[in-house]
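The structures come next, written out as structure tokens.
Look for chain A in each of the two complexes below; its partner is chain B in the first and chain C in the second.
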Partner chain A sequence: MTRRRYFWNWFFEKSLALSALVSIATLMGIFLLLTLNSWKAFERIGLGEFFSLDAWNPAAFDAPSYGIASLLVGTFLTTVGATLLAAPLGVGMAFFLSEVGPSWLRNVLKPMVELMAAVPSVIMGFAGIVLVGPFLAQAFDLPNGLNALNGSILLAFMALPTIVSVSEDVVQAVPQAYKEASYALGANRWETLTQVTLPACYSGLLAAIMLGVGRAIGETMTVLMATGNATAMPSGFFSSVRTITATVAIEMGEVPTGTTHYYTLFACALVLFLITLLINYSAERVAARLRKRGQ
Partner chain B sequence: MEKYVLQIEQLHLYAGSKHILKGISMNIPEHQIVALVGPSGCGKTMLLRSINRMHDLNPDIRIEGRILFKGKNVLDRHTDPVQLRRQIGMVFQKPNPFPKSIFKNVEYGLKINGMRHSAHIRDAVENSLKQSHLWDEVKEELDKSALELSGGQQQRLCLARAIAVAPEVILLDEPCSALDPISTAKVEETLLELKQLFTIVIVTHNLQQARRIADQTAFMYLGELVEYGPTVQMFEQPQQELTYNYLHGHFG
Partner chain C sequence: MTRRTLWMWVGIASLVACAAGVVTFLIIMLFDLGRKGIPVLSWEFLSSFPREGMTEGGILPAIFGTTVLTLLATLLAAPLGVACAIWLEEYAGEGWLTQLTRAAVRNLAGVPSIVYGLFGLALFVEGMRMGASLLASACTLALLTLPSVIATTEEALRQVPRALREGALALGATRWETTYSVVLPAAIPGILTGVILALSRAAGETAPILFTGVAFYTRYLPASPFDEFMALPYHLYILSTQHHDPERVRPLAYGTAIALLLLVFLLNLAAFLLRARYRQKKRL
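Here is the complex of A and B:
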């Protein structure tokens, strides 16, 4: 009997350790896969060419060029645009849900916002083509509405559930004692909100926004459908852009294996991976600091 | 005749369906320290928080009766709780300084009360920190986070923050329950000095504290005010047997 108990104890301990190991091994495996294949790209074209202002034209017959600057700018534009739209909207919404609106409204709205995360990205892209695109074209008198702004708007909506949900938790976690102290001094609701509650959750809100951005930057299908995918260096939010994610998604299926082009796509993926890793890691760090302070 | 700052008349308080305060009536004289004592759950804190309308934050609580502050009913719908709380300050059971610097903790109340001139603010911060006997300990490090102070220092900072806005009444909800005896003595000393300037209502579990500092003591039990009178009389010749038993430690 005791031996059997001993066995199960051993069994569960090891199988839990194994499942933890699998996720770490997968992450390392992806990283290795990307690095080893990217290495060949860097060997052939050099880091200088890769990060140069040369056009992204890897399939050109006579003189292919592999500069990802325009793709990076495309990713940067859509992501920054999405952040500028989603951050104030999401944080504002979180404050409304937590501090201003009645609690029944919060109980209805918060799950609804979180449900927005369940909308498949291809449907968001669809909305970008048939709703946001025509609207932008008409509003700003453009030949078509498939541009960086379109992508930003859609990505903002996709980042919103994360930002609202995490921010709302952060605002809720501000101790009631701070608010009571403020009210007891004769502060009104607005003063308490802006001068006590908000400063008490700056770092948590930052983490919420970064988690949302982390989601936006890696998003592929939506931007692929909504931003027009021109590889030329964009001149602003009304330019058609191609993000790194869209580039990999469009070209990976058609590129001949083993070519420079093939390896360069791995390098694109590696760059993306490192960016998202950095953002998520920083967000985690901020969140961890917050948890420690909360104790 | 004594002048009453606060007159509580037939105060009933319900939390949901629970009847918590059952017809409390008492007068609080100016420039005195009034202690509210009684076993846990008797409604002392509820009574205290009614006085500056802190229950507004909780929609489940319903209050009947009147609390007159200088003749005006604070519970009236037309009384602005924000204005009221500028005249009736509060210090809480657990020290709750804002996660800001020591200086900013005191400055906050001054600023929201319309003080703009930075020299005036500086003077007022210094004054209130001196009144709460914290100045000498923190004058070199006013920019340090208030959260780095000890519990006793934090509570004196909360007191300084409350008196900085120059209220007329200060409500204290067991301010020393989280403090060691030395910190407690400092707070008590401060309160005895402050009663020259303010009227003080203090909820306490520490009967010796009530005896040391209070001019008047009120004994509450199960939501009712059992007895209220001068502290010496309450401790030495109480009118009610219940008061005698509680104040002499027979139950509690």
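Here is the complex of A and C:
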């Protein structure tokens, strides 16, 4: 009897450990698969051409060209725009929730922010087509509103829930004694907020913003539907742009397996994967340093 | 009013404006979707196939596909994720393997969904010869939701008081017996909340299923896991961008959007209520 009990204990310890290996295997599998397939693309087209050429025209009959410069700029433009919008709004809202607003309002607004996080990206994209697009077209007198700015606005709202909830935790972690000391010296609420609370949580807010950006840069359906998808080099926020994610989503379904085009799309995904890994890793480092200081 | 007080109110007003701006956008969006989408919802819309090149009819196959796909993905992800979390929290202690696993889970959570789509295409559709099918899509979505299931389960396990475990161990129970009959029952509501949230995430994802099995249109409901299927999010994408006459099918697109949104919100509401009730019970 006892022996059987110990056997089960041993059995479950080992089999549970196996399940943990699945995550490690998946991450390594993703990396290996992307690298192996990208390698075949780089062999055929060369790294230099891939990154520097701004013509993405893989379907051209005589001379297909695989340059992702314009796609990188498209991704960069929408993400930077989203960050510029979401960072002040998100941090401002976090300060409002934890320092200014009454607690009943907080109890209403926090679930609303969580609800925002739950809206599927394809619905945000739809809102970009039926709501934000027509609004931009009218406001700036454009033929249509499907451009980088539209994507930025939507991505900002997709990054906001992350930024708000992480920032709020950071702001709440500032010791009460700091604020009391500031009030005791005669500072008012705003002075305390900007000169005591804010400096105390700079790095945490940075981590929050980076986590939000990490989410925005990998977003696919929203930008696919809202940014217009022109492959030309964009000239500003009112240009129609195509991001790396949208390119993979549009073309992967139609390209035959094993062609240069097919492998190049894997190379696009590899670039995206490495960018998000880098952003998340940096956010992680910033947050870890913060925790260490907290102890 | 002194200048300092004036500045204070300007500052506070700007914070209020931030919060109000965010909430206003959300409300406008939901209001617009609801106003134009809810009138489209009827029993006929929910229970019939698309007709006349998707310009009429309903979304039954998309609802069916999304439901089956989501359940299948969760059925795959939940046991695996819960097992992984139990191992991390109850068995592993601090070692290099634990650290590696945690790092992998954290990084997987940040991988873009389209990258999961490519991985699913290369591994499940082509590598394992599943073809573009319900099963391949479900496997891809299961991997996508795995990190969040692990994270929420770990959180739920951490909430269980240490004293409960020590009590069981002191009575002579093995580590597994303690976990199975003491820790897990106490953590079940938290775990369930996480699983429901994973369901809701899987229901709304489009990018991972694009190349792994979703179909533009199917004449029949999928009869086996190896069939192609229709899904609500993809159907919405098709209706609003790929259709030959997007203006004409706009009402159908609104209906699809609101159906998907209701599904996702109901799942979130269930998770929210479950968590609230669980918290209340613990306080007593």
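Note that in this section the second predicted complex is superposed on the first by the 284 of 295 C-alpha atoms of A that agree within 3 Å, B and C clash if a C-alpha of one lies under 4 Å from a C-alpha of the other, contacts with A are read in each partner's own complex, and residues count from 1 in each chain.
Going forward, contacts are C-beta pairs under 8 Å (C-beta built on N, C-alpha and C of every residue); 3 or more make two chains touch, one makes a residue touch a chain.
Since the model is a prediction, treat every value here as computed from it, not as a measurement.
*Asks:* Examine A:D169 and indicate which partner it touches, taking first as chain B and second as chain C; both and neither are also allowed.
*Replies:* neither
*Asks:* In the overlaid three-chain picture, which partner chain does A:E251 touch, first (chain B) or second (chain C), both, or neither?
*Replies:* It touches nothing on chain B or chain C.
*Asks:* Tell me which partner A:E191 touches in the superposition: chain B (first), chain C (second), both or neither.
*Replies:* In the superposed model, A:E191 contacts both chain B and chain C.
*Asks:* I'd like to know which partner A:G218 touches here: chain B for first, chain C for second, both or neither.
*Replies:* Only chain C is touched by A:G218; chain B is not.
*Asks:* Could you tell me if A:E49 is touching chain B, chain C, both of them or neither one (first, second, both, neither)?
*Replies:* It touches nothing on chain B or chain C.
*Asks:* Return the chain, chain B or chain C, that is in touch with more residues of chain A.
*Replies:* Residues of chain A touched, chain B against chain C: more for C.
*Asks:* Is A:E284 contacted by the first partner chain B, the second partner chain C, both or neither?
*Replies:* second
*Asks:* So in the superposed three-chain picture, is A:M112 touching just chain B, just chain C, both, or none of them (first/second/both/neither)?
*Replies:* Only chain C is touched by A:M112; chain B is not.
*Asks:* After superposition on the shared chain, which partner residues are touched by A:E180: those of chain B (first), chain C (second), both, or neither?
*Replies:* In the superposition, A:E180 touches chain B alone.
*Asks:* A:A200 contacts which: chain B (first), chain C (second), both, neither?
*Replies:* first
*Asks:* Jot down the residues of chain A that show up as touching in both complexes, chain B in one and chain C in the other.
*Replies:* After superposing on chain A, chain A residues 188, 191 contact both chain B and chain C.
*Asks:* Any idea which chain A residues touch chain C in the complex?
*Replies:* 5-6, 8-9, 12-13, 15-17, 19-24, 26-30, 33-34, 37, 88-93, 95-97, 99-101, 109, 111-116, 118-123, 125-127, 129-131, 157, 160, 164, 188-191, 193-194, 214-215, 217-221, 224-225, 245, 248-249, 252-253, 257, 265-266, 269, 272-273, 276-277, 279-281, 284
*Asks:* Can you name the residues of chain C that touch chain A in the complex?
*Replies:* Against chain A, the touching part of chain C is residues 4-5, 7-9, 11-12, 14-19, 21-23, 25-26, 28-29, 32-33, 80, 83-84, 86-88, 91-92, 97, 100-101, 104-108, 110-119, 121-123, 126, 143, 146-147, 150, 174-177, 179, 200-201, 203-207, 210-211, 233-234, 236-237, 240-241, 250, 253-254, 257, 260-261, 264-265, 268, 272.
*Asks:* Note which residues of chain B are touching chain A in the complex, please.
*Replies:* It is residues 52, 54, 57, 81-86, 89-90, 92, 94, 96-100, 108-109, 112-113, 158, 161-162, 165 of chain B that touch chain A.
*Asks:* Which residues, counting only chain A, touch chain B once they are in their complex?
*Replies:* 175, 177-188, 191, 195-196, 199-200
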